[in-house]
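Next, two complexes with chain A in common: one pairs it with chain B, the other with chain C.
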Partner chain A sequence: MTKRYVMLADITRCINCKACVVACRAEWETPLGHSRDWVKEVELSTADGFPVVQLFPGRCQHCDDVPCVEACPSGAAWKRADGIVLVDDALCSGCELCVPACPYEARWLNPQTNTISKCTFCQPRVDEGLPPACVQTCVGGALRFGDANDPDSEVSRLLGDKPWLQLTTAEVPGGTRHYYHTGGAPLPNEVLPRPVGQHVQAALLGNVVNPAAGIGIGGMVAAFVGAGVKKIIDRRNALAGGKENTHE
Partner chain B sequence: MSEQREPRMILVRDLWIIRLHWFNALGWALLVASGFAIISGDSLRLAPAFWPTFVQNLFGGNAAVISAHAVVGLVWLLGIALFVAWRWRSVVAPFLRGVLSITPRAIIADLPFTVITLARLFGFMKRARVAPQGRYNGAQRLLGTMIIVASLLIAVTGLYLYFSPKLFSFAAAPVFGALFRTALLVHAAAVFLVLFGLVAHIYFAVVEEREALEAMKTGYISVDFIHHHSPLWHEQLKREGKV
Partner chain C sequence: MKKTPFEPARRAFLGGAAGVATLGIAGLPSTALARIDAPHAAERLKPTSEVFGFCDMCYWRCGLKIRVRDGRAVKIDGNPEHPNNYGVVCAKGNAGLMAAYDPDRLKFPMLRVGARGEGKWARITWDEALDRVADGLNKIKQNYGAEALAMIGHGTWEKPYHRLAHAFGTPNTTSPVFGLCCGPRGIGSMVVTGREISGNETVDLQNCKYVLMLGRNIVESLHNGEAKAWVEGVSRGAKVVYADPRFTITASKAHEWLPIRPLTDHAFLLALIHVVIEESLYDREFVREYTTGLEELRARVARYTPEWAEGETEIPAITIRRIAREMAERAPAVLVYSPRRLTRTTNDLGTGMAIATLNSLFGVWDRNGGIFAPQGFPIPEPDLPAYPHARVPRADGAGVLGQWPLAHPVFGLTNQMWKAMAEQKPYPIRGLITAGGNGFANSTDYDTIRRALNNLDFYVAADIAPTEMNAYADILLPEASYLERYDDLQTGGAREGYVAIRMPAMAPLHDTRDAWSICKGIADRIGLGDYFPHDSVADLIDDRLKKAGLSRAELEQKGIVKIPADPAKNFAREHGGRSVFPTPSGKVEFIPGALRQLGMLDALDYEPQVRPDAGEFHFTFGRIGFHTHARTQNNPWLAEFMVENVLWIHPDAAAERGIEDGARVRVTDRKGRSEELAAKVTQRIRRDTVFMVHGFGHFDARMTTANGRGAADSNLASADQDRRLGTVSMGRALVRVEKA
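This part shows the complex of A and B:
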């Protein structure tokens, strides 16, 4: 059976040590000021006025419907059968058409490679049977990773034991491969995805140029096929007229 | 006294012009087929999904398709550039003078012939009078101008799309990335404009004016054809003593 890799983040166990961020930066040698994962701090207050801080470890959510893949012109952004969304550096031009398409702001242009960087669930480690660097280093055990299609895996057990939420909205409804356990608290707006965006060039190409070309070229082909058919009919009529005249 | 007969056929283009035309046609066929296979993302894709999948599988990945598109594009560009440099005075400059319709006045002058020609295909405007045309009629001039301008845009944007990620850091200077995205848009739009015009070009060559297609194989065309379609050109050839 195909694997279905998922990441679980139990925010009730996160202590904001950011070891996951350090491990990710060390694993991928990301440049200063850039990281493939993060911990978002959301300040809330309870009904009786006590302040509460929720901690959301975040990264690419590895969407089921992948807007970044749809926005990539060269096929550099792609999704494996096991659900991991990857970037093929050899194909990536760094055009950033995929950046506004990501509702989780998980893609950025790496100034060292001039290609797009994002969390890949540490795909090379996963393929060697290792957990992602952030999961391996998480001191509170907040992060878990594994194959949800394996009924004996830890993630399958945890998914059955607790309620889990995904960062989705009515505007970004697709499922993801990333789950959050909040201890029953609702997801704050601060961590919910933004609507899928587009650069103006992508919007013009997808919404104006391509449809106009389809209509224009299709219309031209239809018109000239019609002209050709009319020419054949006219020629047959002319021949038939000639024959009738001959009989007369 | 017997009247001197006009020669039935006249040579209007040499072998290198014919070779350039078919070289250009072959280049276009390969570039459109490979270009439509490169753009993969569903929101930007220019061709049905099966085409990029089929061609990329055939080539063993999109990197190979992009390389093939770039090589054919560079050969196409170099071939045409060499011809332009070699035959500028004898062929290219006279061709451009005859075919370009760039000023608003020229475009307005060429529009009635184009409209009437297209309308006549469907049986309309049969009695409408058209002004006598030169070697290139109004429709050919408008189409030719569009294809020349679009081809220049395609060449410039194609070079930028291929080389700019190798030459510039889009992270250090985001304007280069914005230019890349704009070049992609212009490249696709210009290709569509040419394809739009090519439908008419191919129809007239294959269905309406087979003699013109033959002339693009042999270089010869009948004087009657020139007299019928391009009376001003016929007059010019007479003045030059060629017919």
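This part shows the complex of A and C:
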């Protein structure tokens, strides 16, 4: 049976230690100033003014309806059958159209590689039977990962044992593969996705890429994608030359 | 970034005009731009090899597996077998790579060429450095005697420096862990029960039903195994009552936050003891069989009523009674949880004893959910010549009758040692070896540290990184980090006993050397080579393991060898066994005989501390999960989360001063010392208290990330002392805050 990978975050166990962030940085050699994952500390208070702190581990939510894949002109963004959403470096032109398309602000341009980076659920590790780096390192045991289609998996048991929420709204209703247990508390606005339009490509191309010139959307697409194509070809030549970036 | 190899045959579209044409300029497709459907190859992991080790970023020393590629450490993982962490690693541990790759690291032996502390250095060779160290130490011995050399350490690597200093003949070796941190809680437990509190606490948090925490911010003052167990215990339904002037992350997970007045924990505990005895809530069987002094204790705590304690602590009397009853209902699976750093008041000994007493009244010893008896894994030390006897007592008075007889005679009292060095009393101390550590950051009086350092004829500092303290050295010896060396064995235990190994993940970077070869190099030059008979520390551990019937090869398979948990030993009284209390009477002594002998029974009584005047605040400091000590602020991966600390201040107090969230403020103590930083206006703290995270406010330009960032709590905290232990008392500072 096809796997259905899910990430579970029990926020009552998260202690904001940031182990997940540093483990991810080390695992994927992420340059400083960016991160594939994060923990958001939300400070609230009760009606009587009593403090509340909620901690939300965040990352790409590996959405079902993948707005990033929709937005990507080159086919670099793709979703595997098991649900993991990935970036094919060889195809990524660095055009960044997918970046604003993501309701969770999970994607960013890696300045060292000029391709898009984001959480991949540690796909190279998972494919070898290892847990994601964040899950393995998590001190509080807040993060768990596995195949929800396997009834004997830890995640299947946890999904059945307590209530889990997804970060969705009326405007961003699409399902995700990332679930949160809040101990009954509602999700704060700070962690909810921001709405992005369905035809974000058109809006962006119109407003962001070339607002003033009237060459028409088609023309802009061609010019933009043409530039992207050139970028892809150039990068392929560089790849063929065997260059690589490391973080030292 | 990992790259998949480019295989042109797979990429069909861009080869031909047909592919480009599908994009078209005739208009967008209905839902999205056309995409090129081509099969994708998934990224693969690059191969690595693996060695085992244990972490040095903090004191907990989690077991590690370090992945290596092309001769360099690339990722730090946890060792799933190690009882300290069972596979998890925190942000600090993961960032250990950047401690090794820190561009600001000490890279070469250096010789001071300007004035002491001026910051002018010349690079020298190891031979010259070690020759100069030998010369400096010999002169100290000739001119003043061996006792004129002090050695101050901090961390796993200090063991060879201790050996060197003892072989040299000085009694004056010290590590801050006792005098600045854990001393009072350990002695408090020791004099009441005869049992120490290990640096790796042996508490059955996973099965505990009620945890009463006295400011132990367990998920931010982060020791991984301890926090992991606590989170598990909470998830299994343990009730947590957390007393702290500040609403920490630990508070956010507690069932009750008691915003206790600073410095009044002893009052709270005495009132709880009062209720437990008055209402007969204690474990009668345990108390009858295993304790002495109940009636004398009853008389002593008669005046410490909950109503009295409410006045001291601002915890309502009704709450105090309720907590006592709730704990009694769930005893013995309850814990009164000690702070780790119990160096706050002039009577921390009293607080430490009250914690041990209350735990004893609830009968938690050697019961499920309570305090268990650890197993160790003793490995014989190598055969060495006998150490010479020092001619004089320790300069810090630790363990010395008439001075600080209760203080640990090996760890010593680092605060008192600095004072001895500053005042050159009781005798001159003119030589210093430091192994890591930073007196400016871990102590609370810059002036004393400076005077002490400026009194020195000779100071050699070994470390991996620059610090404000080692800036004063004559010779800087750059050490290989814990990722770059073998080291002595790690032994210890909780339920399981263990011996673990530290293996190098890579060769020493730059021109660094491991601590053992450094100390052997010095010892050989000053006629003490017999104390370092092994050519390398790898040979040392081979020697020790052989004596224990083990081998290094065996240890290197999983990084650790363990004695399995034995519930009959760990939780004796659950399995028909007995608790053991190695006091003079063989029982828990509610009125400690050791204190009676020393005339210190008044430590059982409450000593009111200081209160702020109008316009003043209690000054508090503490930890956050991704920084520790004063070591991590220069680590770029950790500075990413917080490069400057901020001052926590209540909105009412801030409004009175016109301070908005994020505004710069100046904090000034009664001695006129002051620090500046940004304010965090938050209801998560008492109105009469301010707080900042420890370890910032660095002032050494060699630390290119941390220099000048944030404020130094160590320049505001108090330098008082516990009246009977001689440990430092850091919690008594009172400060003013104003817009900067």
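Following the convention adopted for this analysis, the second predicted complex is superposed on the first by the 197 of 248 C-alpha atoms of A that agree within 3 Å, B and C clash if a C-alpha of one lies under 4 Å from a C-alpha of the other, contacts with A are read in each partner's own complex, and residues count from 1 in each chain.
As a working rule, a residue touches a chain if its C-beta (ideal position, glycine included) is under 8 Å from a C-beta of that chain, and two chains touch if they have at least 3 such contacts.
Here the structure is a predicted model, which is why all the values come from computation and not from measurement.
Touching more residues of chain A than its counterpart among chain B and chain C is C. In the superposed pair of complexes, A:S93 makes contact with chain B only, with no contact to chain C. By the document's definition of touching, of the two partners only chain C reaches A:C138; chain B does not. By the document's definition of touching, of the two partners only chain C reaches A:P124; chain B does not.
After overlaying the two complexes on the shared chain, residue contacts for A:P111 are found with chain B alone; chain C is out of touch. In the superposed pair of complexes, A:V52 makes contact with chain C only, with no contact to chain B. Of the two partner chains, chain B and chain C are each touched by A:C72. Of the two partner chains placed by superposition, A:Q166 touches none, neither chain B nor chain C.
Shared interface residues of chain A, touching chain B in one complex and chain C in the other, are 69-75, 90-91, 110, 198, 201-202, 217, 221.
Per the touch definition, chain C reaches chain A in the complex via residues 1-6, 8, 11, 14, 20, 23-28, 31-38, 40-45, 72, 74-78, 87-91, 93-95, 97, 101, 219-220, 222, 224, 227-228, 231-232, 234-235, 247, 249, 251-253, 625-626, 636-638, 640-641, 682-684.
Residue ranges of chain A in contact with chain B, taken from their complex: 67, 69-75, 77, 90-91, 93-97, 101, 109-111, 114, 198-199, 201-202, 204-206, 209-210, 212-213, 216-217, 220-221, 224, 226-228, 230-231, 234.
Of all residues in chain B, those touching chain A in their complex are 38-46, 52, 56, 62-63, 66, 121-123, 161, 164-165, 169-172, 177, 180-182, 184-185, 188-189, 192, 195-196, 199-200, 203, 207-208. Only residues 10, 12-13, 15-19, 21-23, 25-29, 32, 43, 45, 49, 51-55, 69-75, 78, 80, 86, 88-91, 110, 112-113, 115, 117, 120, 123-125, 127-128, 133, 136-141, 198, 201-202, 217-219, 221-222, 225, 229, 232-233, 236, 239-240, 244-245, 248 of chain A touch chain C when the two sit together in their complex.
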